[in-house]
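The following blocks contain the structures, represented as structure tokens.
After this come two complexes, each holding chain A, first together with chain B and then together with chain C.
Moving on to the complex of A and B:
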């Protein structure tokens, strides 16, 4: 049956409306989870708040269960789902930059928009920085970055294929890892100096 | 620990173990051996050069000609509107873009029929729909469309009709039998189709 648009069950113009609804839902959840506060987001790096880790880990596992159970019931054809290609070098470099940006700025790109919408000035500055970065990168891509960006292209590998195990086993492992992470991170704040924010 | 968290954790574990215990299913869309055999026996995968010529001249929007020869040969001569997907690149992502368009009539051609047949087998096995082979390939194309031979007197009327149509097509593609001094093979850049549309078939043979 799914995906709905490539299988022409609904028209392609619906994607804008769906994107709008998903976007509103995403923003609402981020705001309700407190992600519009940079102190809360940075808390995961200083050890006083692990909501970020819990929310994103839960989201990943929910999506994995959703997709694979849907595939099992043949509600979705996973071979038609686009998977981001893996350029190893740029992924590693980008991950490090993103991590530092997260610690220093206290936002990730999505949450910064959330913060800006409720009037957080640091979030607005963060968004300005994003656009400056995009502009700089875009203008110098051919000159400086193209080679690094395209280095170590690995196609679109799936982690359980690379490990040589079944997807079910991997998801089971991920679920157990998540529960352990939830439990451990619930203990850490007890040992860390409390921060009020 | 909070009761709600415990319950949610248990649900998560049930879902995870449940997924491990579910019997395996094969989701690959590759054609099985039996279906493949049936498909090979079915002759409808072939399109004649006349049919292909007709589709090109009528600018059939669904036609997608795929040249499976190497790039050098492709740049030397190709059919109008064809894309070049050499046989060894047929299963790459770039080729998938063309082959996965189910609405298009995808016609493989090579110099003969061998490479195009291999391409057809690969793509059929991969599960692509609506794939065909131009029977006889470009050799047949030159023989029938570019340089059609006039049927001898006494041959059935349909042979003459086909010849007329081919002569028109040949003129359209700039082949040998055109009266005008059009140059060599290769599709002309412009020019209106001069194909004499196949006459409506009368009752063949007698009253």
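Moving on to the complex of A and C:
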């Protein structure tokens, strides 16, 4: 039963090879879908291109379906996988800072790597910015961030437990919400000015 | 222009197919290793390795660097570093196939290359800080977090995109 490496079904030596393969798949798909272009990515905020929303939601829902079906068939033990811990204050403030980073810089870290690899100089500069930002954070961690970083720790809850519903009902609701979002966003570009990029 | 737009469309994968395949990649990652995707983590490793190489004692004295700098092996010997090397290879392969390899600064015709580069570095700095505070970026915190149905993943996604939408209007001249 999975996860195979933590369960010692295959050796830990495979860990880095799997990481490389996962990365190749991730990078190939992102670039192929157009995530190497900041102007295409920014389209999601201005209504002229919704590729981010489409790829992002389809991927999250596909993976959630897969993981929870794998659990149902007892192919994977979901108690052994990494669940993001919820530190409410830092998750929110960090997210807001990243939101500004996205609308100002046009990339996020993963997409900037894709952009840089196909020659986007702005993406390379963006990566330099991330490096500086993390360095600044590291140098000022104790002084500025530590308290916020550790504030309001709520464990590692799952969203359907937080909402008090079953996992199946949540995934169904999320899928319906995504389909609605796909349909609505397909109409929006008809009403906004076309942007060529 | 019409032809160029059409041509670009052909070169991009259908977004729903891309999302489905990306979902399969996430399932594969969890099934084998129990963890999902990430991007900012690899850059953090590079920062830690650099600080450690230049000022080892300083790194050991910092609560931020020490957990990685005090280890026997290099901070670069991490899962996320190998994963991001894979991302680089994958993106390059796709770029070659699609014929998109070209050195350029991509920007709206309304702004100069210089403005775009300043905005890019500023956005990067913000993403660097935000990803550390938020324990991951769009890949690790939001996308992977949502895939496992963690509450943190949904909070993170709402905070990132909610902020983007709320303030998009103020930054419109940089994009449209």
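Please note the rule applied: the second predicted complex is superposed on the first by the 197 of 197 C-alpha atoms of A that agree within 3 Å, B and C clash if a C-alpha of one lies under 4 Å from a C-alpha of the other, contacts with A are read in each partner's own complex, and residues count from 1 in each chain.
Operating definition for what follows: a contact is a pair of C-beta atoms (placed from the backbone, for glycine too) under 8 Å apart; a residue touches a chain by one contact, two chains touch by 3 or more.
None of the values given here were measured: they were computed from a predicted structure.
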*State whether chain B and chain C clash or fit side by side on chain A once the two structures are superposed.*
fit
*Among the partners chain B and chain C, which is in contact with a greater number of residues of chain A?*
C
*Does chain B (first) or chain C (second) touch A:61, or do both, or does neither?*
both
_I'd like to know which partner A:72 touches here: chain B for first, chain C for second, both or neither._
first
*First (chain B), second (chain C), both or neither: which does A:97 touch?*
second
*Report for A:107: first if it touches chain B alone, second if chain C alone, otherwise both or neither.*
second
*asked:* In the superposition on the shared chain, how near does any CA atom of chain B get to one of chain C? Answer in angstrom.
replied: 8
_Going by the contact definition given at the top, which residues of chain A touch chain B in one complex and chain C in the other?_
61, 65, 68, 78, 171, 182
*Would you pull the chain C residues touching chain A in the complex into a rising list?*
1, 4-5, 12-13, 15-16, 18-37, 39-40, 43-44, 46-48, 50-51, 62-65, 79-80, 82-95, 97-98, 100-108, 116-117, 119-168, 171-172, 174-176
*Quick one: in the complex, what on chain A touches chain B?*
61, 65, 68-69, 71-72, 77-79, 166, 168-169, 171-172, 175-176, 178-179, 182
*Which residues of chain B touch chain A in their complex?*
5, 9, 12-13, 15-17, 19-20, 22, 24-25, 27-29
